[in-house]
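Heads up: the structure comes next, in structure tokens.
Chain IDs A, B, C and D follow the sequence of writing; residue 1 opens each chain.
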Amino acid sequence: MRRSSKQTCKLPGIGNRLVFKRSLIPINEFFKPRSSFDVSIIWIVFILLWPAMATSGSDLEVGGLCPQYVWIDCAQQSRHKNGALTQYYHISHNADIRPDCLDARDYKVLYRFRIRSKPKKHPYGFDLVTPKEGYYSSPVLCGKDGLYFTIKSEGNNIVEVFVVASCGRKQFLAHVIHPIFGKAPHEKPVQKGAAQLPQGLPRLRLGPKFSVRSMYMQTGRAYRFEYMSKYTTAKSVSILENQQHMASLTVSDDGTFAYTPPHDPKLDRSGPYDYKQTVVLVEETGAKREYATTHTLLLHRSYLSHNRLNPGLILFGAVFLAVSLIVVFNRKYRWI
Amino acid sequence: MDKENKMSDQRRQRQLQKIGRETQAEFESTRSQLQQRKDYRPEWDYFLDLLMRLFYPDALQVAVDKPVVEHLCNQAPFELFHAMGVHPARLGSGSFNVVRVSSSRLPVLMCPYLKATMGMFELHGGSRLDRLYHVVPTTCDWVVKFPEMADTVQTTCFLELPHLREDEKGQKRWLEEIYGLVRFLEHQTGRKLKRKALKASVQTFMHAWEAVGRLIELRRRRLLSGIWFMVAINSFLLDPIEIWTEHVLKLLDAIQSDSPQPLHQGLFLAGSPIVFPNFKLLNLIEAAGMDVCADDLCTSERIWPGGVCYDNSSCHGLLKTLAERYHRACICPTFADNERRFNSIFNTLEQHRIRGVVFHVLKGCHPFDIESFGLEPKLKQKGYKFLRIETDYVEEDSRNILTRLEAFSGI
Amino acid sequence: MVTNLRLLTQHVMFLVLTYGGRFGISLGSSLPCFSCPYVLGNGGTCYLMALQGNWWGLQMTWANLMSVMGLQLLTHLGVFILLVIILNKYWCGWICPFGTLQDWLTYLRRWWGIREAQFSWLTKDRLKVIKWILLAYTLLIPLLIAHAGWHYDLHLPFCRSICPAKPLMPLFIGQTRHLALDSTNTVTLVFSILSVSIAAGMLVGMFFKERFFCLFCPLLVLIHIFRNVSPVRFEKNVAGCTGCGNCHRMCPMDIRDVHEQKTDKDVISEDCLLCMTCAEACPEDEVLTIKFFKWRLFSSSRKYMTRRFTKKKVSHG
Amino acid sequence: MSIKVGIDLGSTAIKVVFLENREIVWKKVVPTIPGQAQVANDLISEGLSEIGYSPDQLDDPVVTGYGKSLVHDAGKVIDEVSANALGVFLLSDHKARTVINIGGQDVKVIRLSEAGKLIDFKMNDKCAAGTGRFFEVAGRILDTPVDDFGDLGQSSADTVNISSTCVVFAESEIVSLMAKGIERQPIIRGLHESLARRIAGLAGNHDIEDEVYLDGGSANNRGLVAAIEDELCRDVHVLPYPQFSVAYGAARSLDSMM
């Protein structure tokens, strides 16, 4: 697969006017990296500040600021010699500050495979497995683009990823579910993992009717979500693309809401393999914590909804008629 | 003056009557000779009766009860005539006597078969058959000039025969000719060519072809003598085709029912046509202790164009099929691109283990005359015997021919 | 009767290849016949798709090509070649479902007594080039996408812009989707317009001319390349040919070579579909012979020919 | 000890040979007259009486020639071409490869394999041109016995051109030549040459093998032989009794069967 735009890979905040207006501390100015030299200086500073940090509590709170939400940002893939596929994910948030590699430990990445592939068979032949609760966890690493983690898949799998983190009163939970097309000849059977999701977190589930085909997510198709939490307080649902607020939705009483991503001319112009990432953000305030739950949708351009059948049939008929007439009237001998 | 004309007319009439009698006698005697053969069987009478119609064309007219089309060569599709509700027939005969009717007014070298045909017309006052047309594929010069020399009163339709047929041009031209024939017949008969009729006619003839095919098989296996085979095929189209076919089938059953012994040494007879009652050569061949078990005469095996096969039963498709079957498949030596004619001869020789070829050249039959010299070395080099016999509608050279044939059988 | 056997095979294979997938039949994705991948639930798919797909795969580095991906490409190719070698042109005359569809149209035409359209020999010869052009088109475009950065919507160029099987074959599973115009963007629109128009034109052509599309089929070329290594033999005893021209007339592809061949005994020509119609129509004994290795499968004979065409067995004729 | 009999009922002469172990013990030629069967029987009995054998010592006679069908009690009938070939081949002790037979009414050119098998033969059409009959007619006009033709022909150095080979026309042509007062010798020589031309034409000079043998009555005619040699540019051999080679061949045909 190919990334549609580089911005989504970049960390939020950097070069973002809005951020500067809201920022109170000029430290941002100072922190804005200009060159590798600055970066190195920043490194030194943080290393010096380390003990203080260590004592200042194990959450994302840096300088008293928390990001508003955290989401999973699918990055590039790399194919292994044996055909297995490794998918890279960035952990992104919209904090005004630049997160630091030392926060890595504050993120917990869990994932599970929702489907076991039968490569021998036709796509019809997929069978859907919902394993018992039980996840693999993946270490959070740090690159120059920030925090990231990877998931490797031997065969065709639909992987469901969760990133859990907290900051002060804020509790973050990010989802993404999408297929990974591994092509390893001898894929190992997917056994269930050992890790568990922390209890008491709200969940944002795609569904409830979860179908294999809906994994190839397209614009113009309605996606129903199910938000499950123990609170009944007001929930605000907003749709974000590159942090731009696109739309707001309301959650029905039973905690479900539907979103139909509009067609995107840019996607339509580009090829069939391109996709964009739209983040569904649900925020609610619980008893003593605020919950920001995101679900990243990998949206491709619509596969079918641009098909115009009637014009096609008309064209077909017209050509058919035209050619028939030409053939019939350009005859040399009797036809019958 | 008138008086003299009248005199000469009367003399002419007397002469015609005389020749007529002699010709009739010739027919009768040939017939009785055949009936006295030891391998004669009553089934043959039907065919012999048909052959007599060469002398009594009116009988044919009565039998078929259709307009009769006199065609000279085999390139005009029989099926087409049949579908158009007319009856095609070759009214030429091999009579020795009837040649005399018109030979005085004809080139000496002219093909005697056509002389005889012409004489027969004159004998019957030319137009005794009502509504008779000629269809003349332009094969050899004699045939081309035939209507002119015969100055028949009947309407004639020429078919320009392309002598090159391996290329598209020739095939297209011939197809055009066939369409021309259709138009001619439609004009003459005043009816349209119907696809169903054509299809039916093709099937009718397919049955005839199948029967002929079996006859040929029988002769190949030396179970049917050359002369009788010739009798059967010469009578082709001297009766409605369906009836003829039935009789052939009866005959086949009769012959196969009592399994006869294979006849003596078989040979391949190539060359100019042999027509009843002139079986001189066949008789001599038998006298020399051999028998014809295969031939490529256009009055014998070659009327059988093989099955007509088509996958396209539209009117055009059928016409195209017929056109090709009677043109591309025809092995008349008149064509320029004809090496495949030799192929077919070699095939027959190999498949049926025939060792000798007798090549019959009628005087003035240029196509075969020319070809015999091309064929001879090819055959000899393949180790076959070859004997070229040039003859005419005369008896006097029988002795000489017999000597050669005897020696030939000894080689 | 060869024809009946062939009809049987054709129809069985049509069912297997069109609906087989629904019953778990899968003959792989390297079939040398037009079993369209766009027919969901088919029993195996046309190699042209895989071929374009594989070239498409070349955008990977050669290093990767040497890896499992390359392996996959090679297996597809290998299987294809194997299938082609085993049953060379039989794929066309006896198996190809799209060929069967064309035959149906022909039977319909014959049934109505409409004659077949005729090409002049010159036209026919000129048409021969087209399938090579189409093959080049099929192979080059994906390469250009992979290496010259052409637009991705140009992928599967043959299937999506030329092949009439794509719009037509899915109709057999009641899917009209491929007759629609895809207005997503210019490329898709152009492709779908091409595809639909060609399908319509071909439909007419295939009605008036037997096996019309086969004249342009690039797969036919690919199959023909391997005729010499294939055990499938179609030979003519040139000495025996009397030039009646039945083979030429009866041939669904109007092949002249069998009739014209006077020296060489191998008469599998480029357009030949091995439908054996010519061998059936040949009135000379043992002149046309179809062999597998040295075993003769069928040999022409005067008896057979007369019998076949006397007993109104001519298919729908 | 049995006697083999060969009878050649030719168109102009009837020849009979008696063989005793492959050697000619008695032979006779008489001109053909009606009732050939009777003539043949008389000849046989005559021969028997001359060499003093009784009829039961005879094998069945082998008959050949135009008249063969007229003799009914013939033990065996063989066609003259084969008989001729066999006869010449044996008499020439297996040398002959080409036989030119000038018979009464026809001319045959026969080709043999080394084994003496009949390969191929040519024969004149119904016209009698270039046959023995030709000499008989000429002899009558020139009132000269045919046997003298040889010497007379060779005796003259110069020749006249006789264009027509047809017996009838040649006749009138000779008459007109004689009217011009030309001697017999050149005319006879001219006749030989015209005949030789005719025969060479029939033989097709190119496709005849060497070891050419001439037989038939006219082979005794030295002048003709010379003319033919000249025309064919080949040596032409003549057997001691060229008239009897056919009858001999017929007689030998029996044991050549075995």
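Everything below uses one rule, namely that contacts are C-beta pairs under 8 Å (C-beta built on N, C-alpha and C of every residue); 3 or more make two chains touch, one makes a residue touch a chain.
In this text the structure is predicted, and so the values were computed from the model without any measurement.
Peer 1: When chain B is withheld from the analysis and all other chains remain in place, what is the resulting partition into connected groups?
Peer 2: A, C | D
Peer 1: Touching both chain C and chain D, which chains are there?
Peer 2: Touching chain C and chain D alike, sorted by label: B.
Peer 1: Which chain's mean C-alpha position is the greatest distance from chain A's?
Peer 2: Farthest from chain A by mean C-alpha position: D.
Peer 1: Of the chains shown, whose Cα centre falls closest to the middle of all protein Cα atoms?
Peer 2: Ranked by how close its C-alpha centre lies to the overall one, first comes C.
Peer 1: Between B-D and A-B, flag the pair that has more C-beta pairs in contact.
Peer 2: Higher C-beta contact count between the two pairs: B-D.
Peer 1: Averaging over Cα atoms per chain, report the distance between chain B and chain D in Å.
Peer 2: That pair's centroid distance is 41 Å.
Peer 1: Calculate how many whole Å lie between the centre of chain A and the centre of chain B, each centre taken as the average of the chain's C-alpha atoms.
Peer 2: Once rounded, the distance between the two centres reads 91 Å.
Peer 1: Measuring centre to centre with CA averages, how many angstrom lie between chain A and chain C?
Peer 2: Taking the average C-alpha coordinate of chain A and of chain C, the gap between them is 45 Å.
Peer 1: Find the geometric centre of each of chain B and chain C from their Cα atoms only, then give the gap between the two centres in Å, rounded to an integer.
Peer 2: Measuring from centre to centre gives 47 Å for this pair.
Peer 1: Hey, what residues on chain C touch two or more of the other chains?
Peer 2: In chain C, the residues touching two or more other chains are 113-115.
Peer 1: Which chain A residues reach two or more other chains?
Peer 2: 333-336
Peer 1: Do you know which chain B residues sit against two or more other chains?
Peer 2: Within chain B, the residues that touch at least two other chains are 195, 314-316.
Peer 1: Which two-chain combinations qualify as touching?
Peer 2: Final set of chain pairs in contact is A-B, A-C, B-C, B-D.
Peer 1: Show me the residue ranges of chain B that touch chain D in the complex, using the header's touch definition.
Peer 2: For chain B paired with chain D, touching residues are 380, 390, 396-397, 399-400, 403-404, 406-407, 409-411.
Peer 1: Please name which positions on chain B make contact with chain C in the complex.
Peer 2: Within the complex, chain B contacts chain C at residues 166, 168, 171, 195, 203, 206-207, 209-210, 213, 305-317, 320-321, 324-325, 328-329, 331, 340-341, 343-344, 346-347, 351.
Peer 1: Can you check the complex and tell me which residues of chain A touch chain B?
Peer 2: Interface residues on chain A, with respect to chain B: 333-336.
Peer 1: List the residues on chain D that touch chain B in their complex, please.
Peer 2: Touch residues, chain D against chain B: 66, 79-82, 106, 118-121, 123, 125-126.
Peer 1: Please output the residues of chain C touching chain A within their complex, sorted ascending.
Peer 2: Going by the criterion above, the answer is residues 21, 26, 40-41, 60, 64, 67-69, 71-72, 112-115, 117-118, 151-153, 155, 167, 176-177, 179-185, 188, 192-193, 196-197, 199-201, 203-205, 208.
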